[in-house]
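Take a look at these structures.
Below are two complexes that have subunit A in common, paired first with subunit B and then with subunit C.
Up next is the complex of A and B:
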């Protein structure tokens, strides 16, 4: 039971899972099940446990193990060769399943008696050759070895529909950690976090401050850390249950949490004030969870002050960060107008003397638009290059030649993913290519403001 | 060669090892030869004196720009390199999270081709500081995951050996380049770092600081297919324990692009730090102000040319590289006008060049536009004749003329500094914020007569005393500083400017002290005056008897000019002095520049425009509409553009005919019209000559090839026009 204890220590709250796995795949004298399907959400420890399990397994017993990430296997050949390299040792060439089985059979003579093949991201197997999934599940039968295939994936087994049918598989599920369990796991990284804090202090400050701060750090207890984690989880647990993500964010926020203490502004025991200090940074880092911005300290602090209205702010920031050339901006606006107006309205919108419109009941009815008919909610429509240029020239006051530089701007916009090809990407030359504007109204409004152009005036929905 | 007698049997390859050696020798030879040669130009051109001056000037400017660019990008790159170095001692390991790829996002700005060089520079820098392999992975190599991984692995393993002398070792085939291959390669090359299990114990982490990094640079992030990129990052992260990967993303738009392209389960595998490079307009400004407007170089751009080049940059492409090439083109055009332009260099060097000038060159100098006013200004008949006919006499005169030009431009630049400080931060910036804008306007037009200029002056006059004094004194100090840093003792002829600069600045200073003093005195006198007026006026008004009287009095009072305060007067004086003595005299338009300024200023904007801005549609239209323009033949000289001649090329006739049609063109009508132009027989009923029909068909095909028409699928025998 040495293996299980080791793993249980490393991965608390997964005792059942580890035990079951160990019972099924441990002793090479016993017959392994032919395949086990392990599913569960991200950050529930599937891959990590299996990986460690295989490592320990390979060391203790006379077993050979291999872990393959199926994302890497863009051809089946890589999958086979990767598995064979670890199981049979030595580079072998293998092009198809028949050879694969053949080579494995020959490996029978070797004294190793247990083989485990673990496939991470097993859902990718569905996109490979049709025969792979069913045959891997019956690998034991084919090869006559004591071999077990572990499939690890995030989706439930029911999603593996296969025409030829899939044989019965033992399925293991790793449930998400509860709040208590998460707390327990996170508190396990107490020592590491303190160690990192020390490293940070050593990196940053001068000697005297350093000594003072290190004294404070020595005073941090496990209990204090758990208290912090409680506060932390009360904010984060609703939004994110991915344990690695929580681990990183927790340790990051802990540094901010400790800052007033290290500066000597707040006592270590004054939890209430500490909470007041951390509340805002916690909320702002909640909006950045998963994004993994690695920021410099000072930036972090300055950001907390401004991040009141994040959504609005970020858009403006985005627009400001974009530095497009002048005509590029106009082209983008023209593309937006082309995407969000119907072509038969062009004359009314862009030609100065377009004549009087006859009012008919039909057209009045058609104009009474319901919200669903607003083109802004219908999404962008496609337009041809000619129309784009025509609108561009109509909204631009000055006269510009149709030069290479101007035309190359269009392709730059496409490269930057501000415009996208809808069809005919390959025959731009004959004018049948159709484009689409991919940016939103607010962004265009902002750009319009920068160049002094009223976008609303030219939109059918608003005009 | 005996073994292969028959040529007809096929081709035979002889492996004798000699070819390789030959090639390398050739390569080195070519390298050695290249400095002596000058590319495509023949010797007859490169030997000309103007070419030598051109080459020298360009080399100087180029190295100046390069130095500037390296300097300005140095800070960001250094930060990035520091980050890379720091990442070798991975913090996340302490948390037991090893599958996280450190990544740096470099926000580069929208002109992607411009930045490739920057990434090369970056990889050199990284290589200098730590042991790392670097792979520049471009989106064009990554159309599928397979090719992406293969290119990456291939670049890591094979690229360093690309230019090795002995290529005896077997090269990998692309299909052999898998992650496993990379792992084996890494284990073979850096065994000590990767043999241990990173999770084994913590002491190892201290050693692992020196691990050899594998850095993947994606210079054009936006161009990647999102799905391939996701998979690629997943692969990198799953191999992160064995291979210390690091990602550097070149992002052209903004950081939001990363989150648009990558979902959570992928971003959670990377750790992103953002770096910002200098934005392109800022970079351009720096180049303009420090290099192109530098007084060091004798070559100048005229206001229009200058504006034209910056216009392309700001309105079209944001390409600094493009700007520099455009500038280079202007430089070439300038010097290639003739040997007289060899005088466009340092004063002392130009003195030596004068001797070498031939009669033709002297004639060229005489032909310059500004030469005529100069001649007219001489009132001695003999001297005029001498200067127009005697080369030696003109040669004697030239140094003083050149000197005058040099000093003029130097002073121009010095006082540009003065004016810039005056107007750069006025509300709404009527004249613009930057030196480049001011330079272009001043050189192009008479700035004093511009409404924007008047507006500026008005605003300046309305300033409060403190502001005004601060502004003028700042302008003075800045000008002085500029003079001392850039010109004093550094450039020849500095002594000649010195006096002018110092006296003018001194005068301004004196006027300024007057302004200050005026304020002091005015403080008292104004109060007295005010007291007087406030005391007198109510009394006067009280004395008024009738309403009519009051009205008259008030009217009279309003008509009376308010006493101009001394402060306002002295401000006006200062401004007038600045306008007259600085702006008018030294920042005048090009027409007022001293004679022979054409030698130093490039203003032939039309040629440059025609040559560096491609307008394919216009050119094609011109070629088809008026072939004479390009062919220069005698037969198709058109009186007007719409004229149709049978001697025109068929395609040209067809093109002109199709311009008259609507969206759909009936082929038969077109053919008839074509025939009537090409071969005008009266008889319409006659069968169409097959030769004409063949010519027609060929011309239609050619027009279709050029993209003007397309055969309609909806209507038989009709073609659709594609252009308007």
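Up next is the complex of A and C:
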């Protein structure tokens, strides 16, 4: 029972899972099940628990264990050799499953003990040879060893069923942590966070300020931290339930939360003012969750009061950063128009005297588009180089010659990933290459504003 | 009671071992069993050649049946002397070259073939069979057991099958080909020239789907401790397995050894009484009925019992060991819908995207969708809602990708880097019922989200 207690302390709220795992795969003198399938959301402790469990397992009892990540082992040969290296000790060559089984069978003669093979990201097994999954599930039968295969993956077991089915597997599900459990786990990192805060303060140079701040840090209690976590979760929990991610973000935001206290602006007990201070930074870091931009975040936190719309702002910054030349901007707009308008509308949009259009019921119906069928939601379509240049000359008022300087702008745009090749990358010269514009409407609107061009006027969806 | 705890430990070990490695106890299907035994016996004694297919769904006990027949035949001295058993598995022997190599090894003819060059596959096989004849007036008969027979049909030109069936048709050497498969249409997979050489002897075994009482009886049998006499009988039967000489078959090496165990009579009676009472409990019968409705195969039941036995603890007395509550709890696991569980573990944002997908699918009759479409639908809702405001595009995109990683939504075509990920078309692999169930079961779901899931009007 020593093992389970150790693991339960290390992984709170996973008692049931650890107990079940322990009672099935622990004593090598009793038979192991042939395969266990462990599934559940990311960040619910599947791999971490199994890894620790196997380590303890290998130390305490005379067992051989191995944990393999199927992403690392991208061919079956690497997978087999990796497993064998740990299980039978000593590098061996192994090309196919037959040899793999053969080598394991010989291991029986060496000693009588239990073997555990854990495969992380087991969904990748589906991309390997057809025989590998059914064979792994029957490894115990094939080798005659007391061997257990643990498969760890995010997706449910039913996604594996192949044509003739696979043998029965025990499947274990690790449920997502509830809000209470999440809070409990996060509050477990209280001491760690405070320690990090102290380290941060020690990095500051001024000795007097340092002393003052350290005194304040000493006053932080678990209750205070839990209060903070409640505030934190009230913002984050709806968008993210991934505990590792929450853990990182929580400790990061805690420094911002503590800043006014450390500066002496706000009392530690004044929760209401602290909340007012943290609300905006929390919301802005919510837009960064999973991204882990370290620098950008601090930048954003500093000017969050100035401008409300963060996304818009960063887009503008991006557009400015490219510093496209004048014709380059027009080429990009032309590319966008070519991507988002159908070719048969070109005449009407860009030719001055396009003649009178006869209104027919069919065309009226075609115009009555729903949002889902608009090009902005279906994505850009491809266009040829000729069409791009034609639109470019149509929307540009002045006359420019078709020089190589102009054409090189197109390749610049491709290099900047603002345009992308769809096909015919290698034969640009004969005109069969097709491109598409990869930037969104907001970006183009901004560019259009810079050069004084109304993009809406030339979009079929908005006309 | 200290002596009891030791016995319980022993019981757990015994039950586990019997469930996992009792490869040769086969129940029921007497006719089929006789059929196969006679076939193998005739091959061994009369030198007849034959071919046969054993067909049945997964977990119905095909391999166990073959093992049981072999165990029976091991009593027969004549059979041991006269036959070689060659076992091939379609999952292990993935091509004919590997299979032939394995056949050579199993016939212990590596020395004979060493350094020889063969023109064709059939020459090689003919040589192997001829070797058996040499020096003896009567050739040894060979029993070929082909597990996962359907996979051999996918080999190039079906060379192995063609040659084996060909030999079994012509009177070259007495061989018996026994194919084991779970595909009912396996005959259709055979090429014409292979099919015509096959004897078309097929044996089907299907698990008994009518008799629930039998199922309960089996459940009790797998949990009870046999008496000393029964143990001895078992040990005698298993004892003959040591005559089986095969490097490829492993079941006889790791087979469960009843002779290792001995239980005190008093304890055994107490335990068996506990089990007998257990199966009379109404809640247990109900659970078993539910299991029986899911899957009638023995393999399924064995896994279920294994999980039960795992929960035995030495610190408790017999009466507390395998309880009705444990059985109902374990049955509940089988009844749960994994996808609904998965949905309940999503964040509110991810669930909102699922609801948006649901609305889209309902309106457009399950048309495919991309992130843009779903996000704009979600955005309309988020603008007027009080809880979901302030969700930025990149966060929503991340949530969308998470759904894709969980394979709740699948891309229509294999990924091409030509399409931007916001515009890649996906389809949903959930039913509306599953989504509704998840919305109802989700803890602390904002009321407005719940209302939105009922109606797409905002």
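Keep in mind that, in the parts below, the second predicted complex is superposed on the first by the 365 of 463 C-alpha atoms of A that agree within 3 Å, B and C clash if a C-alpha of one lies under 4 Å from a C-alpha of the other, contacts with A are read in each partner's own complex, and residues count from 1 in each chain.
Criterion: a residue touches a chain if its C-beta (ideal position, glycine included) is under 8 Å from a C-beta of that chain, and two chains touch if they have at least 3 such contacts.
Computed from a predicted structure; not experimentally measured.
**Student:** Between subunit B and subunit C, whom does A:120 touch in the aligned arrangement: first, second, both, or neither?
**Tutor:** first
**Student:** Using the touch definition from the top, say if A:327 reaches subunit B (first), subunit C (second), both or neither.
**Tutor:** Only subunit B is touched by A:327; subunit C is not.
**Student:** So in the superposed three-chain picture, is A:153 touching just subunit B, just subunit C, both, or none of them (first/second/both/neither)?
**Tutor:** Neither subunit B nor subunit C is touched by A:153.
**Student:** Considering only touches as defined above, state whether A:290 meets subunit B (first), subunit C (second), both or neither.
**Tutor:** In the superposition, A:290 contacts both subunit B and subunit C.
**Student:** Should A:82 be classified as contacting the first partner (subunit B), the second (subunit C), both, or neither?
**Tutor:** first
**Student:** If we overlay the two complexes on their shared chain A, which of subunit B and subunit C does A:189 touch? Say first, second, both or neither.
**Tutor:** In the superposition, A:189 touches subunit B alone.
**Student:** After the superposition on A, what does A:415 contact: first (subunit B), second (subunit C), both or neither?
**Tutor:** Touch partner of A:415: subunit B, not subunit C.
**Student:** Which parts of subunit A are touched by subunit B and by subunit C alike?
**Tutor:** Common interface on subunit A, subunit B vs subunit C: 42, 290-291.
**Student:** Hey, which residues of subunit A end up touching subunit C in the complex?
**Tutor:** 20, 23-24, 29-34, 39-42, 44, 96-98, 101, 105, 108, 129, 131, 134-135, 138, 140-146, 154-159, 164-170, 173, 175-176, 178-179, 237-241, 283, 286-287, 289-291, 310-311, 371-372, 376-380, 420, 422, 438
**Student:** Mind pulling up the subunit A residues that touch subunit B in the complex?
**Tutor:** Within the complex, subunit A contacts subunit B at residues 42, 52, 55, 69, 71-72, 74-75, 78, 81-82, 85, 120-121, 189, 192-193, 195-196, 199, 242, 244-245, 247-248, 251, 290-295, 314, 317-318, 321-328, 386, 401-406, 408-409, 412, 415-418, 429-431.
**Student:** Contact residues on subunit C for subunit A in the complex?
**Tutor:** Touch residues, subunit C against subunit A: 12-13, 16-17, 19-21, 23, 57-59, 89-94, 98, 102, 150-151, 182-183, 247, 250-251, 253-254, 297, 299-300, 302-303, 306-307, 310-311, 333, 338-339, 341-342, 344-349, 360, 364, 367, 369-370, 372-373, 376, 387-388, 390-395, 398-399, 402, 405-407, 418-420, 422-423, 443-444.
**Student:** Show me the residue ranges of subunit B that touch subunit A in the complex, using the header's touch definition.
**Tutor:** 91-92, 94-97, 100, 102, 107, 109-112, 144-146, 149, 178-180, 197, 199, 220, 222-223, 231, 234-235, 238-239, 252-257, 259-260, 264-265, 267-268, 270-274, 279-281, 312-318, 613-618, 707, 710, 722, 724
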